[in-house]
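The structure follows.
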C-alpha cells in the first residue's frame, strides 16, 4: 500500500557486479531500475513486478536477494552451485525452477544453467555457464506491454520460451553435421576423425536430452494452476512452451536414432569394404602366383628337360603365362572381385 | 438467425491465391461458395457449416481467417510456420489440430503438414508441403449428405481419415522395397547402394513414426466429447480413425523391426562371406605354394644333386607336383573350402 | 415371444456359398439350421442363440447378415476387407471383435483373420485367409449342452479359446526349428540357408506377436461385464482365455529373445572361426615360406658359393628345410594355431 | 461343528501314490494324517487346517481332491497339465496359484512347477518336474506352532518363501560361472565351448526371469486382503516374500545385463585378436619376402651380371638379406606388430 | 513422563563392540551417551530422540536393540544379513529402511549397505561393508541444533543425504576414467587392459544403478506424511534428497550410455584399423611380388632366351623391377593404402 514513489532510480553505473538488470514494471512498462536492497519493497507494491537478472552471483549477493524475497535456504544453496537437474520446486509461496541451456559456441555445443525464483511480484533469474543474456527477452517483453502486464507469469513464460528456442540453432547445426557424416558413412569414407565426430555428437545429444526431458516435465507441471497460479489467458502460452520443448525433445530423439543407424550402416559398409579388399588381395595374389609357379618349374636344373632345348619354347612359355594371367584377370573382373 | 440468403456466390475465378475452396454447407449440401470476409457470418448461421481449404497461405490471408473466426494468436503463429508436432490444442471454443502427411513422390517419401481449425460451424484446413488436395475428401463428403450433415465433426473425421489412409500406399511401396532388400541381404548380394537404400528407408520410417505416433494420440483425444463435442452417432467414426492410425503405426513399427533384422542378417551373411573368401584365398595359396616350393628345391645349384641327372626325373617331379596339387584341391573341396 | 416353431430347417445342400453353418440353439442344443434371412427372428426368440459361420463372404451376404442383426456400417466395412488390427469395438448393443489366427501350413506359418459379431442371441464368425474351420469348436460345444446354454458368451469364449490354442502347435514347430538352428550356431556350421531360416523365423514371430499382443488386450477387456455383459459363472472361462493368450505371448517373446541370442552367438562363433582360419592360413604360409626362401638362396648363380661344391650339401639343406618346417609345425600346433 | 475326533489316523504305508503328505493341523500342531476322502470334512472343522502335498498326481486323485474342496474345473484342468504361467486366480472362495520352481541338478538349472489350492481350512500343493519336496517347509512350520496357527495363509507364505529362496543357490552357481566366463572373455581365451556356455546361461536366465517376474506380481497381489483374506499380523510376512522375489528378479536382470556386456566385450577382444594376428601375419610375410626377392634376382641367368663373379659377393648378399630381415623384424617389433 | 535425569552417562570406553555411538538428544543438543539397555526409555521421554549407530552388530546386540524399540522380527532378520534391496518397510509405528552405499576404496568402487530403524524418538543405523562412519553426519547435525531439534526425521534426512552425496566422488572418478578410455577408443589404442577396464566400469555402474534406482523410490515414498509422519518444515529437505538421488541416477544412466557409445565406437575404429592393415598387407605383397615374378622368368633355364645374352640386360631388368615397384608404391600411397 505504501507506493515507493520517492525511491531514486540508480543508473547502470551503480549496478553491482553479478547484477545484469534489476527493473520494476507496472502495467507492463518499466518504472524504475531498483537496487537489490529495495527489490522486496517494490515487489510487494500492488501492480508492480520486479525482474532481476543475475550472472554467476557471489554468495553475499544471493544472500541479499534471499533476504528481499524470503527465499528458502535449500533453493539458495542449489542456486549457488550449478549442475542441478531441471526441476520445479515450490517453497511456500515461491517457485524455484532449474533449466539447462544450450548454445553453439565455436562449433561446439556449450551448456549452461539458469535458475529462476518466481513469486508474487518478482522474477529472479540466475545464469551459470554458457547462455545468452536475457536482455533480448527483456527488450521483446517491454515492447509488448499488454502481455508483460500479466506480470511474473509472463516473464517466466518469456524466459522459458527463449531457453527452449535457443535449442533450435543447436539442433540445426547438429543436423547439418549429421548429414555430412551420413554421406561419408554411405560412401565408405568415414575415417578416424569422422568416428570421433560421430561419437562427440552422440555425447552432446545425450546431454541435450538430459536437459530437455526433465524440462518438458517442468513445463507440463507449470501448466497446472495449483503449481503456478495464473490468469487463464496465460494458459495457452504455457501450453505453447510445453509444446515447443516436446518438439525439441522429439528432434533430439530422432537425431539420436539417426546416429545409431549411421553407426550400424557404418559397420555394414566397413564390412563390405573389407570383403572387397580381401577379394582384390586374393585376386592379385592368384594372378601373380602364375608366373612364379611356371617360371619356377623351368628354373629347375634337371638335365633332361626337353622343352628347355626347343627353340621358341621361351616365347611359348611367356605367352602361356601371359595368357593364363589375362584369363584369370578377365574372369575375376567379371566376378566383380577386381 | 439472420440467414445470409442475399450473399452472392463468387465463382472460382474470384478465389484468392492460397484459398483452394471456401464453401458453406447446410443439411449436408453445398449452399454457397463464400468469400473469406463473409465466412464468419455464414458459420454463425444456424445449421450452416463453412469448410475452407487453404494452401500455404500468406500472413494477410491467415489474419483475415483469424478475424472471421476469432482464432487464437498462438494457433495462427503455429499455422504460419510449418514443422509442428502433431497435436490437438483447445483455445476457448476452437480446436487447433496439427497432423503430418506422407505421400510417395517419384519413389521417395515426401512429407507435408496439415493444420486444422475446427469450431462451431467451420473447419479451416491449412496445407503445407507435399500433400494431396482435400478436393477428393470434399467430393466424397458431398456425395453423402446424410453424414456430412453432422457438420464440422464429420468434416474433421473425413480429413483425418484421408490423411491416415494416404499412408497406406507409402507403406506398401516401402514394404515392396524392403522385400527386395531382404532378398539381396539373404543371398549376400547387398552392395553399397543397397546399404544406402536400407539406411534411407530407416530414416523415412523414423520420420513416418514421428508423425503417426502423436497423431494416434490426437485421434484418441478427439474421441472424448469434452475435447470435441459431438453427436454420439459420430463416435464410431472417430474410433475408426483412431483404429486406422494405430494399424498404420503397427505396420511402421513392424517395418522398422524388419529392417533391424535385415541389418543384423546382413552382418551375419557379410561375415560368412568373408570367411568363405578367406578360406578360398588360403586354399589357393596352399595349392600354388606346392610347385613353387618343390621347383625351388630343384632350382638349387648344388653340384651333387643325383636326381638332376636321372632321366625322367623331370617328369616324375611334374607328376608329383600335379599329384599333390590335385590331392590338396580335392581335400579342400571336400572340406567345403573351395 | 413368437417362437418360430413352424420354420422349416433347410439341409446343408441349400446353404449359400460363404455360409459354413447357421444353426439356432436353445438350452445348449441345436434346434434348427436357419437360413440367413430368418436368423434375426431366431436370435430375438427368448432362450435361443443363432451361431453363424461365414468364410470369406461376398458383399451381398454380409449385407444380409447386417440387416438381420442391425450391425453397424463401419463394422461390416471392416469385416469385408481383412488386415485389421485385433480389437474389440462396441457398436450400440453389439460387439465387433477382430482376431488374427496362425497355423502351420506345409512347414510355414500361415496367417488368417477372424471377425466376430456378438450380440444378444447371436454370434457371427467371419473367417479370412488360413484358419481351420470352427466346426471342431461347434462339435465340442454341442457335446457340452450345459455350458453351451450360456449362449453367445460361451460361443465367443469357445472360438477365442480355439484361436489361442491353435497357436500352440505353431510355437512348438518354431521351437523345434530354433533348437536345430541353435545347434548349428554353436558348432559354427550355420550357413546361408540357416541365416535365411533364422531371418524368416524372426519375421514370423514378429507377425505372431503383432497378432497376439492386441488379442491379449481384447481378451482382458472382454472380462469386464460392461464390455461384454455376462453371467458371473462365465467369468473364469473368460479369464482363462486371457491367461492362455498371455502364455502364448510370453512364449513368443521368449523365442524372439532366443533368436536374438542366437544371432549374437553366431556373430561370436563366426568371428572365432575367422580367427581360426586366419591363424591356419598364417601358419601354413610361414611353413611353406621356409623351403622357398632357402632354396632361393641356393638357386643364386654366384660363382663363389662354396656350399654348392660340398658333396652331401644338398642333403644337408633338405634336412635343414625339413627340420625347420617340422619345428615350426610343432610349435604352431602347440600354440593351437594348427 | 461336528468335530471328526473319531477318525482313524492312517499311517504312511496307506498313503496313495501321488500323495506326499496329508495332515490336519489345529493350533499350529499336527493332529492327524487324514485320507483324501476325509480332507474336506477336516478342513471345515473350525480351528483346523489340512495341508496336502501331491506329486504329479493322476486324474482320479485330482478329481477326488476337487470333490473334497469343491475346486473349479478350470483350476483342476490347469493343475493337471504343467506349463502354466505363474498366476493367482480366484474361483469363488478358493485361490489357485501357479509358481515356477528352479533348482541346480547336476550343474544344470532344472525347472519345475508348483500349483497351490488355498481356501478356508486347506492348502493343497501339487508339484510337477524338478522341485524339492516341501517336507522341509512342513518340518520348519511344525517347529513353530505359533505362526503355523495362522493356518492356510501361513502355509501359503511358507511355501512361497521356500520357492523363492530356492532360487538363491541357482543364482549363486550362475554367478560363479559368469565370473569364470568373464575372465576368459577378458583374456581372449573364450572358445567354442565358452560361447556355448554363455549362450546356455542366457537361455536359463531368460527362463528364470519368465518364472520370477509374474511370481513377483502374484506375491504383490496376495498382499491385498481382498485377494487373500488374512490377519494383519501376516501382512509383513507376505510383504517380505514379495521383497525377496524382487531381489531375485533384480539379480537375474543384473546377470542378464552382465552376460550382454560379456558378449560385447567378447566381440571387442575377438576383433583385437584378429587385428593382432593379421599384423603378425603381415610382418612375417614381409620379412620372408626379402630373401625370396633378392635371391630371385641373383638366380637370373643373365650372362652379364658382374656381381656373380665377385668373390665374396655371396657372403655380402647373405649379410644384406640378414640385415634387412633383422632391421624389419626390429622395426615391426617396436611398432608392436610382432 | 518419568524423565530419566538420574541416569549415569557412560563414557566411550564402556561402549560395546558393534556400537559406534548411542546418544540421546533433546532440543537438538546431545544430552547423554546412553547404554543400549536404556535407549528405549530415553526414546520414550518426550522431547528426546536417541540416535544409535551400529557397525556389523552381532545377533545378541541386535536382539537387545530390538527389545528396546519393539522392532519387528522380519526387520531384524533382514538387518542381520546384508544383501537387501533398498526399500522402506513399515512395521506398525516403526520404519525399516535399507540403502546401499558406494565409495572409492583404492581405485575400485566398494559397496556397502546401511539399514535404518526409525520410530518416534529413535533412529538406529546399522552399517555393513564399505561405508564411511556417520560420525561426520552426527557432527554436522549437532552443529545445527535448530534443525536437529526436528528429531528422528531430521536425522533420517541427514543420513540419507550423506549416503546420496557419497556417490558424487565415485561418479567423478568414474567420469575421469571414462574420459581416459574414450580418448584411447577414438585414437584406436584401446588394448586388452582397456577393454577390461571398460567392462569393469560397466559392471560397477550396473551395481550403482541397482542401488540408486530403488533408493530414489524410497526417498520419494518418505516424502508422503502417511509413510513418515513429519513436520511440514521438513518437507523441502526430504524433497531435496529425492532430487539429489535422481541427479545421481541420471548421471549413472548417462555414464552407462556413454560406455555403450564407447563400445560401439571401439568396434568401428577396430574395423577401420583392420581394413587399414589389410590394405597395407595387400600393398606390400603386390610390390614384393614384382621382383619375384620377373626374376623368376629370367631364372628359367631355356637355351634360347636372347635377352640373357644382351649386355646390360641385367641392369635394364633391375631398372624395370625398381621402376614398377616405385610406380606401384606411389600409386598405392596416393590411394591411401600405404
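Letters A, B, C, D and E mark the chains in the order given here, with residues in each chain numbered from 1 onward.
Criterion: a residue touches a chain if its C-beta (ideal position, glycine included) is under 8 Å from a C-beta of that chain, and two chains touch if they have at least 3 such contacts.
This one's a predicted model, so the numbers in the text were calculated from it and none came from an experiment.
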Please find the path from chain C to chain E through touching chains that uses the fewest steps, and give that number.
2
Which chains contact both chain A and chain E?
none
Field rot_deg for pair chain A/chain D, CA superposition, rounded to the nearest 5 degrees, holds 145
From the mean C-alpha coordinate of chain B to that of chain D, what's the distance rounded to whole Å?
43
CA centroid of chain C to CA centroid of chain D, Å:
27
Going by the touch rule set out above, which residues of chain E reach two or more other chains?
267, 271, 274, 278, 281, 285, 292, 296, 299-301, 305
Reading around the ring from chain C and passing chain D first, what chain order results?
C, D, E, A, B
Give every residue of chain A touching chain B within the complex, in rising order.
182, 185-188, 236-237, 239-240, 243, 246-247, 250, 254, 257-258, 261-262, 264-265, 267-269, 271-272, 274-275, 278-279, 281-282, 285-286, 289, 292-293, 296-297, 299-305
Of all residues in chain B, those that touch chain A in their complex:
72, 74, 83-85, 87, 89, 91, 190-192, 195-196, 198-199, 202-203, 206-207, 210, 263, 266-267, 270-271, 273-274, 277-278, 280-281, 284-285, 288, 291-292, 295-296, 298-301, 305, 307-314, 317-318, 321
